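Two complexes come next, and they have one chain in common, subunit A, joined by subunit B in the first and subunit C in the second.
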Partner chain A sequence: MIVATRKPFTEIKDLVSGHRKILIVGCGTCVSVCLAGGEIEVSILASQLRIALGLEGDDVQIDEAIVERQCNREFLVLLGKKKNMTDYDVIVSMACGAGVQLLGDVYDQKPVVPALNTVFIGIEEGPGIWAERCQSCGNCVLGETGDICPITMCPKGLLNGPCSGSRHGRCEVNPEIECAWVKIYDRLAARGDLERISKVLPPRKNSRRAHPAVATHEAYKRRFVKDEKIV
Partner chain B sequence: MEQQTAQPEMTVIGGVDEIVEEFQPKIEAMICTYCTYAAADLAGSQRLQYPPTVKIVKYPCTGRISVAHILKAFELGADAVLVGGCEVGTCHFIEGNLRATERVAYAKKLLEETGLGGDRLEMFYISASDSHGFVNAVNEMTDRAKKMGPNFLGQARG
Partner chain C sequence: MRRSFKEALASGEFLVTAEVVPQKGIDAGTLTPIIKDLNDVVDALSVPDNPRALMSMSACAISRLILENGGDAIMHVSCRDRNRIALQSDLLGAAFLGIRNILCINGDHVRFGDHIDAMPVYDLDSVQLLETVRSLTQGRDMAGQQLVGIPDFCVGTAANPEADPLPPQLLKFEKKVQFGIDFVQTHPVFNIDNLVPFVNQAREKGVKLIAGVRLLMAEEASSYKDGSYPGLFIPEDLLAEIEGIKVEKSVEIAAQLIKAMREKKLCDGVHISAPGYEPKIMDIIKAAGI
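On to the complex of A and B.
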């Protein structure tokens, strides 16, 4: 899932200062699971802003809303049916960067400001702690590397390792980090699949990282590609 | 049924013309049904005296208390909030009170950020037999609220 953390309160407060009617919109998917922008976090931020702005004597109205996924246009259109979006002076999005931008696209007459910093694609290591596992490089090599991503888990992102900086299973960049390539070796060895590590992986195709990337499903291509005809 | 509202305590300072209403804080006690609520009940049975500033909200376990609940109480005008759970190691749900401890610490930080002050919130560990512990907790939070002054958000709402 996409992992995000909440921005410092003072930064959010500065972003909404001067506005009287504020709508805070949470997202029910990734950022809900990583306790950054779900229903409870929306309620917490709303309370904090009501207290802080109330103590300063500002007469503000702060409303709360949550959509299933802010990165889907359909859910944002539904939001417009539940809330009168023209009522608000500013919309605070508690979604990842993608959600903030789509909310801004759908309601482009209103300033949409982010309340979160999107940090990475990762997994939950335990309650309250998340760790990065994928850089969405567009060229997955996990099948060759024992399901351990060298791009993410190796600070150097080496496709063929370990490098000479590996010391007793630790990384020279940060001795607290385990060497990803030693972990890959150990896992492949345990699976009896060690011949994979002797395979040299070709240099990364960095062109696939061209931004902004677009992914099209094969079955839907004709809708988006001009010379693709169904009949 | 018509509700009776408590009259504020009157203190005479200087002369008859200067009658000042003493600030009576509103304190919300979010307490667990197994330990602190039993202690509060026992305090009543023992006729222990404590300020009439406290309103009790009973939870099945302090582990159920969300940071959002605590902030909502302040938003609606509470001058202080006390969270009362079982003593460490005696929670009926093993570690609900430890979770509450983490959340209260986080909520204190959030309150500090708003400018209201983190000291308006505190976690207490009060066993079912510790009626004096409950009384002390109420007194402590009443003193703190009086020292820090009223939460003006409550005044705006009357």
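On to the complex of A and C.
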């Protein structure tokens, strides 16, 4: 899932300063799970802004909303049916960067500002801990590296073995974590499959991560156009 | 005319190289006399490429300065700061300027340096860089395009016999030696028996192994412990031994290491580094009797 963290309150306050009618929109998917932009976080931010702006004597109206997925146009259209979007001076998005941008595309007459910093694609490692696992490089090598991504898990993104700084199996850049290549080696050794990493992995294909990337599912696209129900 | 580093490698004699670290700025006034002195006693001077990610003058410029002062240079090429276009371009430029020896490395992460918000590039890793160098020396760039004028490099890479665990390091080393490299320069070694698997693998492939020897200064002991020097792993007992010692004793420790490695035939030469204390390299060479 996409993991995000909330921006410092002062930064969000600066982004909305001067606006009287503010709508805060949370997202019910990834950022809800990582407790950054779900219903509760929307409510907390709204309360903080009401108090802070109220103390400064601003007469503000702060409304709250949550959509199931801000990265999906249909849900944003539904939002417009629940809220009169033209009423607001600014929309605060508590979604990942993709959600913020789509909200801005759908309601492009209004300034949409982010309340979160999108940090990575990752997993839940434990209660309250999320950890990065994928850089969406478009060139997955997990099949060669024991299901451990060296591009993400090694701070140098090395594809052909550890750097010279690994000691006691720890990473030289962050000794709190294990060296990705030691993990890869140990896992494949345990599987009797070291042959897999004995060949040289070629340089990554950066053209596959050219921005902005687009992924198309041709069959779904054809069905969607033919069906004409959702358009 | 003095022999080149490549000729020295081929001679079968015990080799000595030393490290000179480029300065931050364009005044090479302090470095030049050190280079002149060392040029007389070493087979080549090895020039790091923004070591520990501390921004300094380019290794290429200092390598050229070494050549102009009658020595031979080993220019380090780090993957940290340049993508594959810049790496190839700088390699061609270095060859054009007469630099013939290169050491291909990943490079210390920017986290250790003085520009911590810099992008750590690593578009290629050191293994892929070695493959790229081989392609350039065969007349083609990475895109398969033919070069007009082909560089001829004596190619080296790094390894760290003190890294732990060793098997993943050896697996990577095996990948590196397959690209027809000429030499490997190790990180500083303290447990000299750790050289055994590397030197065995190197000799099997006809690659010369130059063991790293570092002058350990008492006043730097705390930095050695706190991980400020990536890849520098000093055993606890040695760290205790250097506490409060004078520089003469540090020189002696380094010289003893060289003698022991030479006696046990664990390397084909030594690479001596003493960052900030370069004049002491002469003393180490004398004390080691090489």
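The rule is short, and it goes like this: the second predicted complex is superposed on the first by the 218 of 231 C-alpha atoms of A that agree within 3 Å, B and C clash if a C-alpha of one lies under 4 Å from a C-alpha of the other, contacts with A are read in each partner's own complex, and residues count from 1 in each chain.
Here is the rule we go by: a contact is a pair of C-beta atoms (placed from the backbone, for glycine too) under 8 Å apart; a residue touches a chain by one contact, two chains touch by 3 or more.
Since the structure is predicted, the reported quantities are computational estimates derived from the model, not experimental observations.
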Room on subunit A for both subunit B and subunit C (clash or fit): fit
Partner chain in contact with A:5 - subunit B first, subunit C second, else both or neither: neither
First, second, both or neither for A:181, with subunit B first and subunit C second: second
Contacts of A:47 with subunit B and subunit C, given as first, second, both or neither: first
Touched partner set for A:117, first subunit B, second subunit C, both or neither: neither
Subunit B versus subunit C as contact partner of A:101, first or second or both or neither: neither
First, second, both or neither for A:173, with subunit B first and subunit C second: second
Which partner, subunit B or subunit C, touches more subunit A residues: C
Least Cα gap, in Å, left between subunit B and subunit C after the two complexes are fitted on chain A: 28
Residues of subunit C touching subunit A in the complex: 80, 84, 106, 108-109, 111, 120, 122-128, 131, 142, 158-160, 162-165, 167-169, 171-172, 174-175, 178, 187, 227, 230-231, 233
Touching residues on subunit A, where the partner in the complex is subunit B: 9-10, 40, 43-44, 47-48, 50-52, 54-56
List of subunit A residues in touch with subunit C within their complex: 155-169, 172-173, 175, 179, 181-182, 184-185, 189, 194, 197-198, 200, 202-204, 206
Subunit B to subunit A touching residues, read off their complex: 66-68, 71-72, 74-75, 110-111, 113-116, 152-153, 156
